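Below you'll find the structure, written out as structure tokens, and then a few comments.
Just so it is clear, A, B, C, D, E and F label the chains in written order, and each chain counts residues from 1 on its own.
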Amino acid sequence: MQSPPDRFQPIDSNNVPRYAGIATFMRLPSIALEQANDVELGLIGIPWDGGTTNRPGARHGPRQMRELSALMRRFHPVLEISPYSLANCADLGDTPVNPISVEDTLDLVEGFYRDAVDRNIVPLSAGGDHLISLPVLRALAKKHGPMGMVHFDAHTDTLDRYFGDFKYTHGTPFRRAIEEGLLDAKRVIQIGIRGGLYSAEDDAWGLEQGIRVIRIEEYFELGVNQVITEALSVVGEAPTYVSFDVDCLDPVYAPGTGTPEVGGINTFDAQVMLRGLRGLNLIGGDVVEVSPPFDPSGNTALVGATLMWEMLCIFAEAIANRR
Amino acid sequence: MQSPPDRFQPIDSNNVPRYAGIATFMRLPSIALEQANDVELGLIGIPWDGGTTNRPGARHGPRQMRELSALMRRFHPVLEISPYSLANCADLGDTPVNPISVEDTLDLVEGFYRDAVDRNIVPLSAGGDHLISLPVLRALAKKHGPMGMVHFDAHTDTLDRYFGDFKYTHGTPFRRAIEEGLLDAKRVIQIGIRGGLYSAEDDAWGLEQGIRVIRIEEYFELGVNQVITEALSVVGEAPTYVSFDVDCLDPVYAPGTGTPEVGGINTFDAQVMLRGLRGLNLIGGDVVEVSPPFDPSGNTALVGATLMWEMLCIFAEAIANRR
Amino acid sequence: MQSPPDRFQPIDSNNVPRYAGIATFMRLPSIALEQANDVELGLIGIPWDGGTTNRPGARHGPRQMRELSALMRRFHPVLEISPYSLANCADLGDTPVNPISVEDTLDLVEGFYRDAVDRNIVPLSAGGDHLISLPVLRALAKKHGPMGMVHFDAHTDTLDRYFGDFKYTHGTPFRRAIEEGLLDAKRVIQIGIRGGLYSAEDDAWGLEQGIRVIRIEEYFELGVNQVITEALSVVGEAPTYVSFDVDCLDPVYAPGTGTPEVGGINTFDAQVMLRGLRGLNLIGGDVVEVSPPFDPSGNTALVGATLMWEMLCIFAEAIANRR
Amino acid sequence: MQSPPDRFQPIDSNNVPRYAGIATFMRLPSIALEQANDVELGLIGIPWDGGTTNRPGARHGPRQMRELSALMRRFHPVLEISPYSLANCADLGDTPVNPISVEDTLDLVEGFYRDAVDRNIVPLSAGGDHLISLPVLRALAKKHGPMGMVHFDAHTDTLDRYFGDFKYTHGTPFRRAIEEGLLDAKRVIQIGIRGGLYSAEDDAWGLEQGIRVIRIEEYFELGVNQVITEALSVVGEAPTYVSFDVDCLDPVYAPGTGTPEVGGINTFDAQVMLRGLRGLNLIGGDVVEVSPPFDPSGNTALVGATLMWEMLCIFAEAIANRR
Amino acid sequence: MQSPPDRFQPIDSNNVPRYAGIATFMRLPSIALEQANDVELGLIGIPWDGGTTNRPGARHGPRQMRELSALMRRFHPVLEISPYSLANCADLGDTPVNPISVEDTLDLVEGFYRDAVDRNIVPLSAGGDHLISLPVLRALAKKHGPMGMVHFDAHTDTLDRYFGDFKYTHGTPFRRAIEEGLLDAKRVIQIGIRGGLYSAEDDAWGLEQGIRVIRIEEYFELGVNQVITEALSVVGEAPTYVSFDVDCLDPVYAPGTGTPEVGGINTFDAQVMLRGLRGLNLIGGDVVEVSPPFDPSGNTALVGATLMWEMLCIFAEAIANRR
Amino acid sequence: MQSPPDRFQPIDSNNVPRYAGIATFMRLPSIALEQANDVELGLIGIPWDGGTTNRPGARHGPRQMRELSALMRRFHPVLEISPYSLANCADLGDTPVNPISVEDTLDLVEGFYRDAVDRNIVPLSAGGDHLISLPVLRALAKKHGPMGMVHFDAHTDTLDRYFGDFKYTHGTPFRRAIEEGLLDAKRVIQIGIRGGLYSAEDDAWGLEQGIRVIRIEEYFELGVNQVITEALSVVGEAPTYVSFDVDCLDPVYAPGTGTPEVGGINTFDAQVMLRGLRGLNLIGGDVVEVSPPFDPSGNTALVGATLMWEMLCIFAEAIANRR
């Protein structure tokens, strides 16, 4: 294939320093969705934390991940991939959101992603809290039907209700997604689950649906390579989404998050696992719950941006493979 | 009068260091609302920021203001008041809130304050974003009818709608309060207003209702003493509420807030102005928009706690005067 | 057995958000020691750092650990324990302390713990610097005689004198405790020891007494499971105390501490080791040396609170087992 | 006149929250210089601190000022100006720079500004350290000849050499500019000068050239209004540049800077002074020395962005007046 | 007079950058006290906070003030003084201290200062908490008898006992000093006093002794020039000590301190007041209560170092005048 | 051998607390190079970051590493070495540098190190950015000829040009060193390499020269002991330099650095590897790229100081062995 044209290339860091310029994801060109005709892989921010039940701030995640993503370069020496030679990539900006309304925001985000999906764009999203995965999955399911998912998280996010009878929080998106037929529970794997529970039954519903849950104890026992094998086996060859909540990582790697749980995964292993998903039928992904006010240093956002870079590489390859 | 009993006295700092112990407001005893029969002045937290249109975090304000209020002592050397000898004071805890629903929270907070008002408690509240003043005023208006208000703020908070047609945000509480007849616009004074506007008409509605707006330029021209005189003249002798948004202060005094505006009031003058309200018919007040994630040092919360201490003294005196 | 009554249950996080309310340990009820008749497991703060020879601030530890402990939930999914169904737990507040006197504080703390021990309360303490373990052990030894101890630390804390002839610092508590017959040196194991020494002889005295010291090199060589086995073997079935100095952890997990030593233990392994102590005859424990001024983010306090949660679970089980 | 077209309007904050979206100056459209044919007022970043003799980091200034400028709105209620109705404004991005070469950067920046000047763009720049004013003045002097300057600073920046015989540092730009005939020393006023000197003669050269220096003592004695009168009198009606080094402000307002000097100007007075320059023949300006690494909170950048907003308003008016 | 020899000159900042090199006070040479025969003005650190009743950390003050003092230069343009041409100045290092013993430290510090006084060195000290002034005054009183004092502080520090019957804390030094005859109460002026009190009688004892107390309200009413006049009148021509507690300043200028009180003095006025003491018979001074852990930015230490620079200049002049 | 005299011993921490006193490396005496006749091991700061292409601040590294090195003690319990008994160690201060000129600084640093080498001093340097290794190697190569090097880093630092045709940056020092014959490429091993590349060819040149590159993936696969074996085998018995860029570590261990790369080495393994170099013919080393503005907590500097302590021990032993 031909290499993508210059208008889909990041700014050259050897001429313009990496700290300089208007911050877009990976220093890619900013292209409005309505003009994104040739974009194949779209990086999108969802600056919203209205589903957050404890510490807020994830609404500021996309902006800081954009800033820190300037530290990413162009060639992945382990995958031996130049993603910008494989697919037309661009920063599509942030979706519209409404910081004071859950319902309005779910609609606004879904609308944006429907447009993106209609243009055959593979979305790579920066949250926002984890509830933002729900409208993304709604849009993707229109095209792909019930999807598989590799889900990295400290929490299963399959609770039912909060604060009485409220259905939509960052603790419930995947229960809703399974109920709505967006995800095929038997093709979902959750990795890194840990932390105290509200009750012994918190995770029962998900297990009943057939989700494969790898709690942190099993994770360390299996080792990363075996976890990858298990993930590949669960999701199979059908369309698969990747969702990475940074609280899956130990808080030392991602202190800037709303619900930290001590005793988690390290970033190197997270990178190895994402690389291990290479070759799957990947149709989208997100990195969520980066909350800059709880880590003004930007270190959490650097981790988030690095995970986005890893996904970008395997998504670009998937796009090229599907051509 | 007799001094309030020991169960309404703060912990003695000369025996137990001020940094020690479970943090309550002013080191006062914690008393549940349903057992607060003798409480006259109730310090209450409203840990909620669901009306915030920009930077969140004010939901964490009450806890950090409790912590820093431990630095307050017992005797006010300028007012020459020992407030804890004048009124039965207690920390009534936080109201219930719902971080993912504006409507539910407005109801929950109003319900709590109705109970407090039924018990003849003068509420001194720690926000939370500025929308929390609305349900408090709703509860107080049941008893007092349309109230006057001394309102310290960088913003008039009298806008109409946000993000389309949404009526309840931290930019709209006092428009709603005037529309609902909770405040008597002609007895409302707003001090410290500044910052750019969305349009030239932003503040027109409030002025039309008769609010006395002292923009920062007039504030510095008049001087603090003249501003106090003006405030006393506007609110008169009828029941008056005091609302202090810490963004009224210059951001150097209160960086931990959601919508900072450069070029504001200093804390000494804020203290002088609050002391100047002594003798009014004060029936409640709040300190809002302290957002700890944007000032982890706690300095903004210290300012907030100090302003609460100033209000506590003049409120205790007002209670004693009414006896 | 019957479940403990409501008055020993934490606030329900599904109704009241976890960031809200007055901060007590684990959101448990605050009960004054003199009214703690039915309390079986008491969480107690010792806000004091007067034994600190280098960087101070541990006096602020209890308050910040209270705040961060709100992130703990109710059910431990690995131990499969609901601790609040096993034992009556409460926050007993902070002990009295004197920040300017070592001697006075040792007496004040011991007095408080004697009362607690007299009431058959198992104490779980939040320091404070490590010297606070000494008066706690003095009180416990009245009841239990010479105890065993599982001691997690970067330092043996068995030095003799500081700054001339001063016997009581946070580097000497366990030398004093052994000399005074509070600990049975042969039933003491120290895990994670590392860092440069003042001289080659620093740790000699403890080894001569029979303490089992697992330096960090041996720790990594043995692996966590073998370390647990060794600990169980050393302390046996007699009454055993658990003391966790957060500087045992690598400074990335606990930067907010007075004497950090690079190259330590991670939090997941610390959790696993604490869980491994399940079934011992546990009669008390502490988490010490959390110094908030050196980690304003609260991340160190979150780790400290999590370790307290782990101890709380195994202590509640021990209490139930002894019934 | 007709209002500028939509493509020169900032993003509407009432639809898209102010924290959202790719961060450009004032949320204005990003337009590349080579396509900036209709732009009249160009906001430009110069991300460079290679002239810094002490604490670096001003290279990161433009990016953080872009982020914080999102807090600015559209209407200036004191000047009663809607700047975006008066002139076509845009974010022209950052100039090319070379972080390891002073000489190369001086050329790169001058080249960029020559292009901007050729397009009749009034430049409003975000530094970078103060040396960046020199290449800007070089480009502007091609068009305007020797200019007047209102210079806010704690330092005169008219020293001669550093570290032996080095002529180009952030302590020398205005000596070079006067030597090169870019500035007319008799039309230069420096406001806020203070701090210790290397020797009694540090400021002598500038005074000999005829610069009007208002040291901080005279500044407080005259008062802001008299200082404005003096400034207007010094610069007169000929083309005038405005340079604002944030270290002119007291460090509490601008801690994030390389060479803070205690005892400076406050932000309200800085705003008043900038507004006082209204009506001058303003042909460009800059805000320099914002160093984010020394103020990760962003508060200094918020001040810098607010000062840019003040300049933007008076520059837009000057452009409209010249039409 | 001849200029002091090179060995008493600071490092030349124009050759060696100001951020470089081993940090001594003002970049002066480090000279051990026992070799300080020709030193006339000695800068001394007292790294101790054992008298602190609330937030600790002032023990780290001297080191950070040394670091930030590198920003000071050589010529004072307002006083028109080159202090290093007037007196032999040197950094004499830190006194010995004992962080776990009040009594031992009082002796150690007094011993060090007796040696310094014996060598006719005028001491300029960096605390440390305010109790460190007591042993300094004890040493100076041996030579000078009862001294006058200009005392800048938010608190009078003349309380009697703490925590029962403890006489030596940072809240009591000047009561002890007056009782011991070190200070002549009638020649003591306290400026900036404010904040709540433990009781109405807190400051009564000092007033009875004849101390002139200028509370913050009177301070703002009088204005700085009148305050200076009052100070000169109170202390007269006899030997006078200057003690500056940084909590005299508003917390925005000095957040890094143990007992901040909102609503204080600004740094410019503090500088003006210190300069106003020029010509007094100055025999020593200190800057205390800088607590770096509560302001990791170093801004408070920069203020502290600047105040030391102001004192250094007027002390050097006093030394020259006495020759 | 005889133990070094007292004038080469660190300050005794048991008498003078470790946080006290003027901060020198390891609390060693400060000795000027021209008087360093008996010094065998010299600790030297190079406060310069003029070769930095992205985030600056490493110029502040030496001062903060001096401060944190006070936490080091005197005896290494794993190596069982008292380094100060093996070699005469001293802090030789900082080299002269020129923050605005690459060329001038390269000359200034090389000149300083030539003097040190002429005095037979083994240099242990604290950077500064990684370009500072080049002038150090130039000075050492005069004596030792082409050296071997154990190089810990996330980057190979063997790129050719930056920003056009600029040869000297912190990304190029070892290409220059090999070209200039200072290093024997076949005796160079690089450990920990990772992160995205500008292009697939970035590391090709180094591999062609024969450098042994252990990328992070191989590093984790081999394990630390095998990596040590490999390192020993590559460098052999000839003179060997050790260069440790802290970005080799995972950013959680060293967030304060200019070019962090997620997924790196931990500090314990770094310590083990440095200890594994014991017995080599070590002739110098450095710890570079500690950038305090990006980690005001000092934690990165603590890691840097600890790594210097590890090197100091094996260097002192090498010096003793060579006697």
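Here is the rule we use: a residue touches a chain if its C-beta (ideal position, glycine included) is under 8 Å from a C-beta of that chain, and two chains touch if they have at least 3 such contacts.
All values derive from a computational prediction rather than experimental measurement.
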Shared interface partners, meaning chains that touch subunit D and subunit F: A, E
Copies subunit B and subunit D touch via same or different residues, half shared test: different
Distance-maximising chain from subunit F - centres being C-alpha averages: B
Chain whose mean Cα position lies farthest from subunit D: C
Duplicate of the C-F contact set - from D-F, A-D or B-E, the pair where over half of the pairs recur: B-E
Whole-Å separation of chain centres (CA-atom averages), subunit B against subunit C: 40
Whole-Å gap between the CA centroids of subunit C and subunit D: 56
Junction residues of subunit A - those touching two or more other chains: 15, 17, 19, 53-55, 59-60, 99, 162-164, 252, 294, 296-297
Those chain pairs that satisfy the touch definition: A-B, A-C, A-D, A-F, B-C, B-D, B-E, C-E, C-F, D-E, D-F, E-F
In the complex with subunit A, residue positions of subunit D that touch it: 15-17, 19-24, 30, 45, 47, 59-60, 62-63, 66-67, 91, 93-94, 96-97, 99, 296-297
In the complex, subunit F residues that touch subunit D: 49-57, 59-60, 98-102, 104, 162-164, 166, 168-169, 293-294
Interface residues, subunit F side, partner subunit A - complex: 53-55, 162-164, 194-200, 202-203, 215-217, 220, 250-252, 255, 259-260, 262-264, 294-295
Of subunit C, residues touching subunit A in the complex: 13-15, 17-19, 71-78, 80, 82, 252-253, 266-268, 271, 297, 299, 302-303, 306, 309
